[in-house]
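Note that chain A is present in both complexes that follow, paired respectively with chain B and with chain C.
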Partner chain A sequence: MDLFSNLALGFSVALSPFTLMLAIVGCFLGTIIGALPGLGPSNGVAILIPLAFTMGLDATSALVLLTSVYYGAMYGGRISSILLNIPGDEPAMMTCLDGYPMAQQGKAGEALVLSGVASFVGAMFATIGLMLLAPLLARVAYLFGPAEYFALYLLAFCTLGGIASKNQAKAALAACIGLAIAMIGLDNTSGMPRFTYGNLHLMDGIDFLVAIVGLFAIAEVFVFIESHGRDSAVGVKLEKVIIPWKTIAGSTWTMLRSSVIGFIAGILPGAGASLGSFLAYMGERAVSKDKETFGTGNPRAVAAPEAGNNSAAGGALIPMLTLGVPGSGTTAVLLALLLTLNITPGPTLFTDRPEVVWGLIASLIIANFVLLIMNVPMVKIFVKILSVPPMLLLPGVTMVSFVGIYSLTGSYFDLLLMVAFGVGGYLLRKLGVPLVPIILGILLGNYMEDALRRAMVLSNGDWSFLFSSYIAIGLWIAAIGGFVAPIFLRGLFARPKAGLTD
Partner chain B sequence: MASDRIFGLVMILMALAYIASAFQIQTSFLADPVGSKTFPVAVGIVVILCGLVFMVKPDGEPEWPDLRTWGRLAFAVAVLVAYSYALKPMGFLVPTVFTAGLLAYQITPKPAAAVMAGFGLSVGLFIVFRYGLGLGLQPFPKGLLG
Partner chain C sequence: MTFFFKRMAAGAVLSVGLALPVAAAECIAPANPGGGWDFTCRQIGKILYDIGQVDQPVQVTNMAGGGGGLAYSHIVNERTDDADVIVAASSATTTRLAQNAFGGMTADQVRFVGAIGADPGVIVVSADSPFQSLTDMMEAMAADPGSVAFAGGSAAGGFDHLKVLQLAKRAGIEDIRTIRYIGVDGGADAITQTIGGFTQGMTGDMSEVVGFINAGEVRVLAVLTDERVPGFDDIPTAKEQGYDVVAVNWRGLYVPKDISDDEFQAWADKLQAVADSDDWKAAMEANGLAPFTKVGGDFQSWVDGVIAETVELSREIGVIQ
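This part shows the complex of A and B:
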């Protein structure tokens, strides 16, 4: 069968000692990144991209390293949720609700093991789903012309803005800021400079890595300076870790149900892992017989969001790899990595570079087993790392960011630009403007414009060409729906805390 | 309320400036039906619409930091800007001690610990970058130690 020969190819790439080592290092770093509050998967992966690039890793190795970090961060996020009631990253928020009460009842070890296993089930489910679904979707993606791609990019912005943010206008603004920044530099089609104002540094445009590291990592430093590092991890305690076989067995169906929910949420463009864990939690609460114990330390309420968020993390890779449209903030950062490595995601990736795709899938499977070992028997190591004081962590992140960008471009101008993005990111965060659409805009801006212009060249300037196929019309409807519907659904979504009391 | 109104106004002004400079883009002999201006102008128009929404329907006031915190943030920005300029001519070690130390002090105001953090991060990260990852970082100003 096709699948097995592809997998064999993948494992032949992924099982080389060097790649295996990268996967292990990536998993380790990822779990730390996920566990430390203030260092989420997006900024964790973002600051590592320039380093991976300057180390001269080839495409497959860099991708293996950073997707291991990505998966690892999804596992790690739960550790601080359970022990400190501070989500290590956004998707781990739902794990706080029942994980922390479990820890307060002295069952921290049990919660950590259970959520580790749930993470494994979710991630494994999603990886298998990715393996089966991605090649199919890649085949469908061949039907996409420029008009369809234009609508698809629009869909990504609309759903990302619609679902992920509290204010549609602010999400739309964020996307436009990103698109506006992407226009800077030489115009791909005509070769004329745009918005460079005679500045030679701007001729090549703004490197999206500079923007990503600035918006995520540097802005985070400012947030920590403001909060005085008060979220510091003091008094973490974990006595013994036992494996609660009975609880795990009792949550089997919970994990599987939540994996399915999370996986679907992950595939939807713009939804991502946070929505996956939220929906998994709510879904589990809806079907369970002991609803009233949710929020007081119900083990199944710990397993559900963790399986959901890890499954969504895997699902979000599907649109990113097959269509080049990321489904979440972190996959947007991974897309930046692919573009930096000169790999254009999309259907052709599966036929032209099978070793990249299947090597990636194989190493995700390996990473899952590595992560299961790291996060269940070895979880104590990470609990120790949690007590790193912010005064070391945040300056450390800053220095890694500076060195990464500096070794990538060697120009002080890009460092200044990165600081400027950091300041801008801090202010926008304060004003409630989401940052992920900005990144997506910078990444996809030129592709989106090119799609529009190619479509118009094909149709000789007839704008109705944009709506000329059923796929395109479907995407436009989905885009408008994805942007408008959350206005009415807001009462249901985005208010997990309120949902607990009723 | 006020923050969002001001923000909306600033965004509208910036969008107008953006659209104005979009019209300055020179046209090339490689013409296509859409051209280099349409997309940026459309983006600018959407920004203006968003700005109008903020002015008409502002969100609640965000929690702005107090004046002292603003001072600390401005200081941190100044440190980072100085660091950007210093990294190339001064080498990695010396500017990093100062930058890391000052940032650490801004996050947790304990002078002794901050000095330690500065030295520790500078030397530690240098070893990791130079010998662990093999990046070609200059430790000291060029010409001082070769």
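This part shows the complex of A and C:
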């Protein structure tokens, strides 16, 4: 009964009227920060760290506040994905694919409630996983070397074709553009800069937040200007919000499956929430019977990535707490917070500082319930945002994008880059090239290349090293299966209407 | 509708508050939150305020880019006489300056005000490794330099890589370019790869391995300091095993070049006060830092020496021409 006494310890630390208030404030701020394009969970938490110290909060209160912001931002990211087709942060990208079509069909409220519940299921699953298995699961990271990581990222790219069922060549082109952009910056393996042209701003590569905000938000503004609002995404139909019990019940298994996938992606350092939501979406697509409705507003395709990314967000805390390896940008910020509080994460943290760990777990549980309660009634308010005329809303989006990106590095260079991405995104949209694979290329391209290069250094250039473990072989089989299966399945289920799309 | 704008305004105010300089002193961490520079700024900033050396909380700004080069050029080009700004620095700063990785900028374009703690360099193997001492490892490498692969938190040619190369040179290994090294995302990641058995050794800083030492998952073959580190008295130095390499990752600050000598001295004194505080001693202990206080003019001349040495070594191994 260690678990219950530990949990009791955690709640005794984290549950007081003051910390409860902090949790509510944190969840609220987090949701807003997550929803605003350009402000993601990592800068949200970074912004609030100085605030926490200025307020003189003790370790537990600071943790409660900042984990609430963290989870809140993970919830909030979906809102602008669904309502505006602009992801609030990078893991919410996959939610655009079906969330926005749902909103266009007048089911914005349904999509928001469903994704809110899915976020809750994913986050709860991860918190329970963290509680029961953290020290054990930390060992999973020891099983993943460069070869295994390479195969894992390859799996993501091999299933990419399914993302754009209309024209796979364009999806592949988009992924290549993303991979090319990922090449920019310092090459870790040789220590040499690539494609930087001596510009210091390019040494660390291109921040994917800049790319996301440019490609989605700024490009949206251009489309709006060109069409005087007619073709613009902004301004979807509104309907009364009712809680879609039936859809929620129908997606139960989807949420659980996606939570498992997201959680595993979260545990692995490096991959993080974006890979979690991507693989959850692709996994759901692979097992569902109505594949062709993915991308057109399938509720399960909204539930899957949201459960996946929130579960990954919780999973990413495991390597951070037990190994000190942050699995994502946000956990890196939380790691910084712990270090500033003189708490050093590592294998002995659970035994050395139980009050910190269990206080954190308790505050995650509290944040989760607060967010569920906050997100279901508040849906109406968020849907009301749509009644703001686009002529006011879009300048607002533009302003927030500029402020958010400027706060990343405090340099005008990123703003120029963001506008350049906006122009590029506008052109690509005109050409019908999907934007999501570009972001995935930027996001995972570096990791994948680094993994391959490290594998080659370790094996002295011997390719068979890439297949040297069961995990790697399993991932390779899944990757090849993911790439080849759609080709055969298409032949198998060939329907007359398939000929109509391209 | 007004509700929405209120929220938007809240977000905007929050982020503007972060980005704009305010009247208080500002500490620039030239990296994203979470790393050593960020730690330096936040910890020193917090203590400066707690012990009353500054009357407002120190504003920490993260200015990531170019491995610290962006913050460096920001100071050199835009704020070279701003007495209210300090910038976190470490061995990585001087290594990169020595290797001309800051786009032609040189170390004499700022003033190094002091270091108040150092993270001793370590060479680590997993607990089940056949290497019991640094000598075992170096002998294996002398027989076949490619037989031991290292993981470290810096890119190839960086500080962690240089530690291994320096040791190898002392061990009489001629062909140091055949030594295998992979640069991963930080020391914790490097140690994960080593415990997982993907690399045979890890090169990094003491603070990165403390948790793993306590958990009994790793063995530290050598610490790269003059004397054994207090609190880790059973870990031998490389020096006493016959390999005279001292490499510590100091944690310190630089300030703009054109501030007055009085202003420079004021920062040096404040830094000295932080070094003497109990808070800093506790923070050092919790984070595996060893005492290493060099402040003011002393520190500047020590930095010049270190850079000269790094230039020589980098040239020798071909990192720079």
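We take it that the second predicted complex is superposed on the first by the 274 of 502 C-alpha atoms of A that agree within 3 Å, B and C clash if a C-alpha of one lies under 4 Å from a C-alpha of the other, contacts with A are read in each partner's own complex, and residues count from 1 in each chain.
Please note the rule applied: contacts are C-beta pairs under 8 Å (C-beta built on N, C-alpha and C of every residue); 3 or more make two chains touch, one makes a residue touch a chain.
Note that the coordinates shown come from a computational prediction; the quantities given were computed from them, not determined experimentally.
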| item | value |
| --- | --- |
| First (chain B), second (chain C), both or neither touched by A:169 | first |
| Touched partner set for A:457, first chain B, second chain C, both or neither | both |
| Partner chain(s) touched by A:384 [first = chain B, second = chain C, both, neither] | second |
| Which of chain B and chain C A:180 touches, first, second, both or neither | first |
| Touching partner for A:195 - first (chain B), second (chain C), both, neither | first |
| Touching partner for A:422 - first (chain B), second (chain C), both, neither | first |
| First, second, both or neither for A:406, with chain B first and chain C second | both |
| Contacts of A:430 with chain B and chain C, given as first, second, both or neither | first |
| First (chain B), second (chain C), both or neither touched by A:226 | first |
| Chain A positions touched by chain B in one structure and by chain C in the second | 54, 187, 189-191, 396, 399-400, 403, 406-407, 410, 457, 460 |
| Footprint of chain B on chain A - complex, ascending | 51, 54-55, 166-167, 169-170, 172-173, 176-177, 179-180, 183, 187, 189-195, 197, 218, 221-222, 224-226, 228-229, 389-392, 394-396, 398-400, 402-403, 406-407, 410, 412, 415-416, 418-419, 422-423, 426, 430-432, 448-449, 452-453, 456-457, 460-461 |
| Touching residues on chain A, where the partner in the complex is chain C | 29, 32-33, 36, 39, 42-43, 46-50, 53-54, 141-146, 186-191, 198, 200-201, 203-204, 269-270, 319, 323-326, 329, 332-333, 335-336, 339-340, 342-349, 352, 381, 384-385, 387-388, 396, 399-400, 403-404, 406-407, 409-411, 450, 454, 457-458, 460 |
| Complex interface listing, chain C residues touching chain A | 1, 3-5, 7-8, 10-12, 14-19, 32-35, 38-39, 42-43, 46, 57, 59-67, 69-70, 73, 102-103, 146, 149, 155-158, 180-186, 188-189, 191-193, 195-199, 207-208, 210-212, 214-215, 217, 282-283, 286-288, 319 |
| Complex interface listing, chain B residues touching chain A | 3-4, 7, 11, 18, 21-22, 25-28, 30-36, 39-40, 43-44, 46-47, 49-51, 53-54, 57, 59, 62-65, 69, 72-73, 76-77, 80-81, 83-85, 87-88, 92, 96, 99-101, 103-108, 110, 113-114, 117-118, 120-122, 125, 129, 133-137 |
